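To keep things simple, chains are lettered A, B, C and D as they appear, and every chain counts its residues starting from 1.
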Amino acid sequence: MNKIAFIGLGNMGIGMAQNLINAGYKLNVFIRTASKSQELEGDFEQFQTVIETAEDADIIITMLAEDEALKEVTSSKTGFLQIMKKDAIHISMSTIAPETSRELYELHQEKGTHYVTAPVFGRPNAAAIAKLFICTSGDKIIKEKVKPILEILSQGVYDFGEEPGAANVVKLAGNFMIMASMETMAEAFTLAEKQGLDREKVAEFFGETVFNAPIYKNYGTLIAKKQYEPVGFKSELGFKDARLATKMALDVNMPAPLLSLVYNRLMSALANGKSDSDWVEGISGGVSKDAGI
Amino acid sequence: MNKIAFIGLGNMGIGMAQNLINAGYKLNVFIRTASKSQELEGDFEQFQTVIETAEDADIIITMLAEDEALKEVTSSKTGFLQIMKKDAIHISMSTIAPETSRELYELHQEKGTHYVTAPVFGRPNAAAIAKLFICTSGDKIIKEKVKPILEILSQGVYDFGEEPGAANVVKLAGNFMIMASMETMAEAFTLAEKQGLDREKVAEFFGETVFNAPIYKNYGTLIAKKQYEPVGFKSELGFKDARLATKMALDVNMPAPLLSLVYNRLMSALANGKSDSDWVEGISGGVSKDAGI
Amino acid sequence: MNKIAFIGLGNMGIGMAQNLINAGYKLNVFIRTASKSQELEGDFEQFQTVIETAEDADIIITMLAEDEALKEVTSSKTGFLQIMKKDAIHISMSTIAPETSRELYELHQEKGTHYVTAPVFGRPNAAAIAKLFICTSGDKIIKEKVKPILEILSQGVYDFGEEPGAANVVKLAGNFMIMASMETMAEAFTLAEKQGLDREKVAEFFGETVFNAPIYKNYGTLIAKKQYEPVGFKSELGFKDARLATKMALDVNMPAPLLSLVYNRLMSALANGKSDSDWVEGISGGVSKDAGI
Amino acid sequence: MNKIAFIGLGNMGIGMAQNLINAGYKLNVFIRTASKSQELEGDFEQFQTVIETAEDADIIITMLAEDEALKEVTSSKTGFLQIMKKDAIHISMSTIAPETSRELYELHQEKGTHYVTAPVFGRPNAAAIAKLFICTSGDKIIKEKVKPILEILSQGVYDFGEEPGAANVVKLAGNFMIMASMETMAEAFTLAEKQGLDREKVAEFFGETVFNAPIYKNYGTLIAKKQYEPVGFKSELGFKDARLATKMALDVNMPAPLLSLVYNRLMSALANGKSDSDWVEGISGGVSKDAGI
């Protein structure tokens, strides 16, 4: 069985790594802070540098918060690209700009190694129980090779072709759609509230009928109750995705006024000291504030 | 069994009336044009004036396109309010402003008759197979009385309390949410398209995963395929609902920028001669046009 | 010289009435509260009902805050239309919907009296020193007759043809333009401030160079200094005009996203208890709040 | 008298260079295409490389279309920074991001040369008759030294302090304000047109009264007449400025919905093949299209 290096033991990564260990994979994990590794159980090795973590791996999985962080662990002086085994595969699962994937794909090709794009949908609890949805793009043969690994982490793997950035486009488009849904619900429920109705009843109705999708059920309940804690995904990360989607739209001359709306909404949250709030609060709290309630 | 007068045999009404006939109710239907009644099968009587239609009815159901049409058949000189039997019940199922329900509720009370609000979610095919969702508001005891009738027409009846306008608020909030979802999908899919992806594949992915609700599946397919015919619900009716929601927001000082966005989007469709297009085209076509594709 | 009835001694009306008195006109003024008339100097008569005020007048000037108030003094049971002298002229100077002028024009025609539309641009201090700008529309011959009166009140009279509502269209379009300018300046100056610049210096530069118009100089200074008192024109009146402009746009299917933006901006001020604040605060304060400063 | 190198003989630069020649300065000009220099009259030398142009200059003026072009002529391998005389001054007059000025300022400091920021307001005809407005920022003593030169080119020099990027902030804020004014006028005039009024008369009124500033007069006439040729400033350059302003707003967490509106408006023009149209068309044409006229 392949040796996997896992880089990025954050809220999402920790559950994903655990699922791979549980499935019998030998894992090298990169640990900056000792505490994180204590959350992992079973057979794994830990290292304090990216290079040691990745050195003898057949598969390197990255799950990081930002393009910059990914580039640092990959192609910087301390990155693993320089020591990757020939034909080893980098599975890039972070939410990043498509152009970052395009660049890294080229760099891997030059080195004789492989880069496959595989961002995920799902919050940390979905990662923990292997119920993520994964989008992929990249070389066909490489995607075939990593499929068993992705299937361990998810309830479904969806492919978007060979262009390395394609799966990132879908991921960012999806996060935009989630933010837009939150704005939609926040406006609808707040309007209903100001008209004298019970927000929660309204949310419940839509979540059970025409909008009975996870996004509307889960976020709908939080928005209706104005329940903004615990923080699952920070406003500043939501804004980062709105920013990446805006950049991606800019690159192809795509006017997107609703994207601009949620971009400004979350930027206002950041400007008002709410960077660490849940993105649900960043959006729904902003709608409430504008409405004076 | 109660005698029901049915006023409003449009695309929606025709299926609803048929389901009541099928359930064994004796129906009086109001027919302006002979052709319409030929679509109905079974035992019913037809009349050419509202007053004759409603005269001996215990229940009067209205399902009309606009507030003005509803007021005309109800409280104008040729309306049925003047001849309603004492204690007869008017089930008002049109998509109208909450304040219209508030006014009509008062007028019924003055006459010793009843008004109950019961707008529906679902397109004509859902009406035909009795798979609507119905929201209700009004007097508790009256809602109990009409519940069996509403259950025949729907797959679920959801109550929003005694305030007569409440169910209209939910209906208009819901139609706003649907329009916002269409804008969301149109921007996301068009952005993906301009980035080189296949719109349909993207729509399929979201419809099967995080957005697996009827609205996203059904409208998502239409938007992805840019399939705007046959026309199910006209842009001008969609705009009417955006206008009513905007008025409802105005009445309670509710700033709603996303509502303004879809309002302007559909108004632009009307201004460009697309009043009779499907509202999916009104919204998605506008996004495409802005994007130059 | 003609006898003039003046109805609407508000902040604007008081200065206008004084200028007419100073010019030698005999004025009947309508006074609800005794205090107001004490601000007027010279030769005038005061009355406590609209009908008495208007009874023997050749010219009736109205300068009121709202369409409803204008209709009440004109065409309600206590309004002056019923007792206007044949061929007397109503100069309607309030900021109202064009359709209100269209209706009132018809009513006057039926009575054999005249209605001319003549809204004004300028704040109370401009009214006091006869430096208003006046837009007119209505019958040519009537406009000629009232021109000397309008010239006394203003530094310029601009005509927009015979259609009674036309001058109201210009007035509402102009108030929209003023609100849009305030949003423009508030965003620009706040952006400059957040980039470390001195708002006032920036405002001064633009007011002296490419934007050296009264609107940019005067409002620019207030916005730059965040000086929101004394209140010259209330946010709720600004919002009323945004609302009337929105209605006017609706009537002709005119999508206007910037109008929607200022409409929502001021509605948010109202929703946050700022109805009585100056509209400069309503707009500029909202921009600051969103920006977290 | 100082020797000046002038780099950037575009529509703007040509007039500026001529004015410096006329004032008696000895100019080296950088000429990529022979034709351009033929438009200059008087005493000047021309060179085909940036380095030759700048070699013996005391003052180097750059007036280019983009940040990238400026960086290329300045700090690239073929740029002049490497051969600038000690204590020579680079007057940077292009419309660029403040961060570009901040970077270049640092690079000049390291070399013992000087960078002063001095972007301009005005179209080519204003450049030709030395009626530009110039904003400056940078070291006080350097600004004093170049002031006589800037005064030759302009009708006014306004200073914004020592921070190198400050004048760029003002320039980009100003271009945003101009675009916002165009959107404002386009919406107002189109609304008036749809209400049956004469756009030109409306524009004339505002340009003579409350909005009697150059921007409203000049652009107002073009917008009213829908006169989009000859092209003075391309939509793609306007969009570039909207993009730079958006980036500048992002850097300081400044939500600016009106900036987003004009950004999307011009991006839509680009997406529809209108990159080379005048930015007046980019904005006003978009408003007309949405309005169906």
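Rule of thumb we're sticking to: contacts are C-beta pairs under 8 Å (C-beta built on N, C-alpha and C of every residue); 3 or more make two chains touch, one makes a residue touch a chain.
Molecules present, by chain and UniProt name: A, B, C, D = 6-phosphogluconate dehydrogenase.
Bear in mind the structure is a predicted one, so any value in this text is a computation, not a measurement.
For the pair subunit A and subunit D, chains touching both partners: B, C. Of the two chain pairs examined here, B-D and B-C, it is B-C that is joined by more C-beta pairs in contact.
With rounding to the nearest 5, the Cα superposition of subunit A on subunit B corresponds to a rotation angle of 180 degrees. Chain centres computed from CA atoms place C at the largest separation from subunit A. Taken over every residue number at the interface, the positions common to subunit C and subunit D amount to over half, indicating a same-residue contact. Mean C-alpha position of subunit C lies 38 Å from that of subunit D. Here the CA centre of subunit B is 53 Å from the CA centre of subunit D. Between subunit B and subunit C the centroid-to-centroid distance comes to 40 Å (mean Cα coordinates, whole Å). Among all residues of subunit B, those that touch two or more other chains are 253-257, 261, 264, 268, 271, 290-292. Taken chain by chain, the contacts link every pair, so each chain touches all the others.
Subunit D contributes residues 98, 121, 133, 135, 156, 158, 160-161, 163, 165-166, 169-170, 173-174, 176-178, 180-181, 183-185, 187-192, 194-198, 201-202, 205-206, 208-216, 245, 248-249, 251-259, 261, 290-292 to its touches with subunit C in the complex.
On the side of subunit D, the complex with subunit A involves touching residues 243, 250, 253-257, 260-261, 263-265, 267-268, 270-271.
Within the complex, the subunit D residues that touch subunit B are 257, 264, 268, 271-273, 289-293.
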